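Below are the structure tokens for one structure; questions will follow.
To keep things simple, chains are lettered A, B, C, D and E as they appear, and every chain counts its residues starting from 1.
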Amino acid sequence: MTRHALATIGRATFFAVVLGFFSLPLLWLASAPFDAHPSITTSLPEFTFGNFRSLLDNPYVMSSLRNSLLQAAGSAALVVVLAALAAYALSRVRVPGRDALLYVLLLLSSVVTGTAAMVPLFELATRLNLIDTHLGVILTLSGGLLPAAIFILKDFMDGTPTSYEESARVFGASPLQILRHIVIPLVRPGLATIAVWAVANVWGSFLQPFILLRDPDKSPGAVILYTLYTEGGAPRLDLISTFSLLYSLPVVVMYVFVSRRYGFRFHGGIKR
Amino acid sequence: MLPGLVLIGIFLIFPALWTIYLGLTDYRLTGLAAANPQVVGLDNYTTALGDDRFRNSLWLTVQYVLGSAVVGQAALGFAIAWMLRNRPGPVKRVTEGLVLLAWILPSSVVAFLWIALLDRDEGTLNALLHTPGFAWLLDYPMSSIIVFNIWRGTAFSMMLYGAALENVPPSHLETARLAGASTFQQLRDVVFPRIKGHVLTNLLLISLWTFNDFTSFQLTAGGPEGRSEILPVYIYNVALSGGQLGFGAAISFLVLLINLVFAFIYLRLLRGRRKVVVP
Amino acid sequence: ACGTGSESSDGSVTLIITSNAISGGKNAETADWTTRWVIPEFEKEQKAKGRQVHVLFQPSGVDDEQYKTKIALDLKSHAGADVIDVDGIWVGEFAQAGYIKPLSEVAGPEVDSWEGWSQIPKAVQGLGIFEDKKYGLPQGTDGRVLYFNKDLFKKAGLPADWQPKSWQEILDAGNALKAAGVPVPIQLNAGTAMGEATTMQGALPLLAGAGAQIWADGKWTGGSQALKDVLGFYHQIYTTGLGDPKLQQEAQGRDKSFAQFAEGKIGILAEGDYFWRAVVEPKAGVAPMQNRDAAVGYALIPSERPGSGIRGQDFVSMSGGAVRVLNPNSKNPKLAWELLSFMHSAKATTSQLAGAARITSRTDVNDEVLGVDPMLKFVSDEVLPITAYRPPLAVYPEVSVALQEATAAVVSGKTVDEAAAAYQQKVESLVGGAANVTS
Amino acid sequence: MISLSGLTKEFPGGVRAIDSLDLEIRDGEFFALLGPSGCGKTTLLRTIAGLETPTSGNVGIGGTDVTGLPPGRRDVAMVFQDYALFPHMDVTTNIAYPLRIKKVSRARREAKAAETASRLSLSELLARRPAQLSGGQQQRVALARAIASRPQVFLFDEPLSNLDARLRLEARTFLKRLQRELAVTTVFVTHDQGEALALADRIAVMNAGRITQVGTPSEVFHRPADPFVAGFIGSTPMNLLPASAEGGELHVAGAVLPLPRDIPDGPLVYGLRPEYADLSQSAPVGRRDAFSGKVAVVENLGTAHLVTLESGDLLIQVVVPEGDEPAVGASAWAAPRPGRALLYRDDRLLTGA
Amino acid sequence: MISLSGLTKEFPGGVRAIDSLDLEIRDGEFFALLGPSGCGKTTLLRTIAGLETPTSGNVGIGGTDVTGLPPGRRDVAMVFQDYALFPHMDVTTNIAYPLRIKKVSRARREAKAAETASRLSLSELLARRPAQLSGGQQQRVALARAIASRPQVFLFDEPLSNLDARLRLEARTFLKRLQRELAVTTVFVTHDQGEALALADRIAVMNAGRITQVGTPSEVFHRPADPFVAGFIGSTPMNLLPASAEGGELHVAGAVLPLPRDIPDGPLVYGLRPEYADLSQSAPVGRRDAFSGKVAVVENLGTAHLVTLESGDLLIQVVVPEGDEPAVGASAWAAPRPGRALLYRDDRLLTGA
């Protein structure tokens, strides 16, 4: 019995520590936006909604959230669709050196997402007439996200039994029908995972949208967040904390929605 | 498939190769070298390898990757996944939700959260620990960003291992328990051999991401005195602030090569039995 | 859609202005002035001349480095706005890269006959000049002084009209403050975390006070005696408890120094006039001080010893400032010049101030507006004549980082000689060998 | 000896997999738990092993109460349905694993593994990995691993169900001989009544978390306590037909049979094994004691055939010996052998008919 | 009609799963492919379906060569061992899926699905997902899906092996009736000889990629073409004993039996089903035509017992009727019934003994 009790106490301690560790930094986001004089200290706020009001006076805040949504949704859709197709093909066709190839792509993606690649990306976008377009941002970001998405999705596809597909084949379904009717629904948790991951990545990226976009009416939240500093580079904490909260909400809402709807996990498809 | 290939070709392979080519030049964003870049061959590489700041940065990066990704995220992620396995109910949902929240919040927001937590004078942590004036970010910059990155990235490992653990047949664990095996023995004898493949995938991905993770810049900006200047920050400082794009590109490529080395080490350690082990 | 001014079907012309300013965010006043005053006024003026001109403002609101990257990329690909706001020290590197051209080359001889030149002091004009050619119109300038807290000074028995004549007098005051229990007697920016603030508010004025310019006659200052003196001064401040070495290392150190000064924890602080205008400004400042005018004193930065400064000066300062340049790829260069010169007319400059005081590039405007603010008048009258500017060269930012590193090394306990030697070596590698460095 | 008293296991969510169950298993006995899928067999076995904590009740092994002990300290060995062989270990290491946990020296445990393996004819395979073994070989390795640590009790969870049909028969005989030799108390879970009958000394038939009947194979076969057991036991499903007692006669599916004992009038369930009826293709003259119907299906059982008759809505199955099988569609009559039928009322066995 | 000629399937890596195989399956026939695990049954079925491309040889269905056609155009339906019901679709959608692919309108395919479902007593379950169905129900949904598209040929890959023992027996009868009604050519893979005997019109026994024997259940049961088939068929394994013919007499396991025909002297394999021997517990006097041994195992078969005798190194099994079972350890004698034994030489059937 004591063994059992000890194990329970140990487990409870573990979860308490983990929960503390992961929630502590979040406190600031919960208090500062409602504080009339926010500082970097987390404290019981001198409660106000004034920060929201002054934030909404900023002409770019709401449009930037819309732009973020647009770019994130676009990239996520593109990444999910293309990665699903590619992962399916790679998972079902045996090509020698397939895994190595995928890993090389993954490595190259790390170069492309780095600072040093901005000149090539910028010039590429210029030549393709994609400067100052949402599409340019979406394509550039998607290119960097695809390899990891394929890498992860392929594991999902490998995990789905082939008998479903074969069964559909016997009934005469075409490869595209199989993908649409069978494979996609089966790996939906995987697709949801990738989509959330892609959205979170796009949501936070600053450099690419910044150099590719001209018009602040097209800029996403990450870029607009940077404008909330003074001439001398000091952060305006009232606006920044409030904006951070607003800016985080869509991602959180999306996560909650997706995890409710599709389950949010890796591998395995749907349990039978 | 085809549009995927085209997109990857145009927006991934092409700029990546171009960047690698830039690494062979003395290209700069401004100044004379911008007007007329010269191919300098491997000069950038020899310069980098001979530079203390680079070597320091490389060493810090290795610490960062090993500490925050390989040990931190992978171990904590595994521990959480292990403790949450077969555990229904609110504990699981809340824990997973918080861990995932740390992962999906935008990086610029997250940086503020941590500055607020670790600040020397008014930080939440000092208030909690009654250690006013303790300068976490100055006295322990590497430890701080390592802990930060653990906080930030554990979710991925947690999810991956969570899924992997579902693939460990309960009967195997129970056989070990019936034989009287301790938790550690169960992990060593049953779980780990079974999830080797996932461990490999996980290590490959999180190492790569951590090698390129730039978020810590907003916490310490590489300081103080370069004591937390990991390679992505170094590249940023060199390529963007210093304008030396050619040099920065060369270092990006070096990072790629180092990743390759890490991949080989992992494969070596896990004895490359991925195909056999992944069920 | 983007890029240089173009002619549309109805015969109207579009011009674009860009600047690192954005409404509701960074430098919001500039952004608002541009959209609310410049654009309508200029369009009206053009209409009066029978021309349909549309002017667009392309705002931005990011770190200067990022802004610089973006416009460099634009100019590199022959795109970008017609009138571009840049920092004065970028002019050289942009010119070397071929991104910008001398104004008269872009817009023709009208440039040289502009009435405004006569209103801009030669030294200020230098902000837009590279290799003797005029690339841009300066918007204004600033100067660096020593601020001090009069309340603390009183406690330490120091005069309210303090004006040190040598570095030693600064240290003496610091010691007195320390004795009086002031937590941070002297804040002299140091280290890499402070970035350019270390160079502009610390190393360069001191170097000038020790008689050396960072770049002069084609050579860079290396680990010379002047530099060793500067580092020695840092050493004295940060190893004897006169300064807070930790503060220099924090990523937000400069913001904190502002807040601490406002809270009365710092005795002496070297800063630019920005500090007065925008930080401790009682109403809209970042760290407002309600009693600024009574509590904050300011003094010229002394040379190491009287007469030891550059050009034999007793006092020194450093200045910088933004300029506006023309995009050489503009489709309507002449019109762009009209817009640019319009933005620098006395009328425009006055309107930009909107009642607030700051040092513009035009003496006629300064004479008119600075009367209301004794501090800015002080800068304009006393500081600008003795000030110096940074070299507008592409490699300067890296030399600046080397300087910052040298100060950081000293603050964290290295000896002056070690730090100077490391700096010498670094600079040599940056600027292409020992031949370009004095030691 | 294993004794379970008042054992209940309720899973979170309210499923009561075991419902206040009492059971005694004797030393050295080969004991089968038999029941349909989901009736709680596995849960019961796992509770004995200590892998599940009972909600209430006690588990005793060899006279001591082990309810609170962790599995590793109960001195039991379990063979899982999927064998749970560790895929990354070779056969020797697998067999020696429990000894390794018990900190037996490497040399001794390898010797022990080799000895156990040779007893189960696995000596040739010691260096192979499980993936390189056939199903039957894997099963024997799993047995060897369970045997190697010489536990007080063996627990087998459907150890044969993953084997193919032929192998299953061979393994069955093998298992029975092995248990005889080792004489270790063995609890054996199966849903295959044939296996339970063939192997067990005693059988407990389970249904919905409770034990319906405990007895020797022939008790359970010949006197099933209720219609559920009756329908479950037997290699061909027992015919269970609605019937009624009326004035000393038994009316079933159109036939009228004598009532064996004094049974009050009322509805009954009439149970008859297909083996205990005789089929004739000519109508019996002047008699009503046979079921008539049309032959719907004839299934070959090897030395016999299983004939399914359609009699109105009812299906009646009869086993006919070789050579006597009727054609599909033909009319036929099935006469129950006297004394072989079972009668149930209110789910309780009244008597043989 | 399905005709396979010279069919060979070699997997990369050199495994020859099917080895130049010829076979004709008649229209409307219920045809079983029977063989041990790994013998190539599934591969053969998949090759017929078009899921595997043969290395050489041809597949014909209904008179046309379909070797080059994709699976969807062969007009076959397949039920997989795991049923492969789409977990994200409800029962109606699952059943209607083949019709959806054939672009039947939604209304018509739902009507058709409902009709098929009601025929298989699934009407109550139309809105459920596969995970909410029991094994038997899942199996019927899989059948319904196969039926719904009215194909020319059904292919079943061990459709019963995932069911528990009791359900399997019921499903077997159900399947047989269904196929009779639909009269669609059906190829049925199983490793359970009992299933094959009970269900099939004809059986092909496979071994290592080849067909060893094709015949009706009773041909295969009574005249297995070689010792492999003999050992494989039968609900209890046939006794296969080394024997020799010597001067007109047959010497087997210590017994001497008459030789039925003129067989040259030499070694033989003697095959005897356990059902075709009689056990006595007293030694026969003055006769040598019975096998003697000690009772090693007695397994209860319900209405009979399977007794295993140990006779030297050999094991001999005999089925004894109820009530006659000997005690374990007793001595007993098994006398083969005349005319029931089979003799093999060089793996070929010589004759009944």
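As a working rule, a contact is a pair of C-beta atoms (placed from the backbone, for glycine too) under 8 Å apart; a residue touches a chain by one contact, two chains touch by 3 or more.
Since the model is a prediction, treat every value here as computed from it, not as a measurement.
Of all chains in the assembly, those touching chain A and also chain C are B.
Look at the CA centroids: the one farthest from the centroid of chain D belongs to C. Taking the CA centroid of chain E as reference, the farthest chain centroid is that of C. Here the two chains linked by the largest count of contacting C-beta pairs are A-B. The distance from the centre of chain C to the centre of chain E, with each centre set as the mean of the Cα atoms, comes to 92 Å. Once the centre of each chain is set as its mean CA position, chain B and chain C turn out to be 38 Å apart.
Centroid to centroid, with C-alpha atoms defining each point, chain B and chain D lie 55 Å apart. Shared interface positions of chain C, i.e. residues touching 2 or more other chains, are given as 66, 69, 73. Listed for chain E are no residues, as none touches two or more other chains. Residues of chain A in contact with at least two other chains: 118-119, 226, 235. Of all residues in chain B, those touching chain A in their complex are 1, 3-5, 7-8, 10-16, 18-20, 22-23, 27, 29, 76, 79-80, 83, 91, 94-95, 98-110, 112-117, 119, 122-125, 127-128, 151, 159-160, 162-164, 166-167, 201, 204-205, 208, 211-212, 214, 232, 235-236, 239-240, 245, 248-249, 251-253, 255-256, 259-260, 263, 274, 278. Every residue of chain E that touches chain A in the complex is listed here, in rising order: 46, 49-51, 70-74, 76-78, 80-82, 84, 86-88, 97-98, 100-102, 130-131, 149. Across the complex, chain A meets chain C through its residues 57-61, 118-119, 122-123, 126, 131-132, 207, 210-211, 214-216, 223-224, 226-235.
Of all residues in chain E, only 36-37, 134-135, 164-166, 169-170, 172-173, 176-177, 180, 190-195, 197-199, 217-218, 221, 231-237, 273, 275-276, 296-297, 299-303, 306, 308, 328 touch chain D in the complex they form. Partner chain C is touched in their complex by these residues of chain B: 28-35, 115, 120-121, 135, 137-138, 218-226, 240-243.
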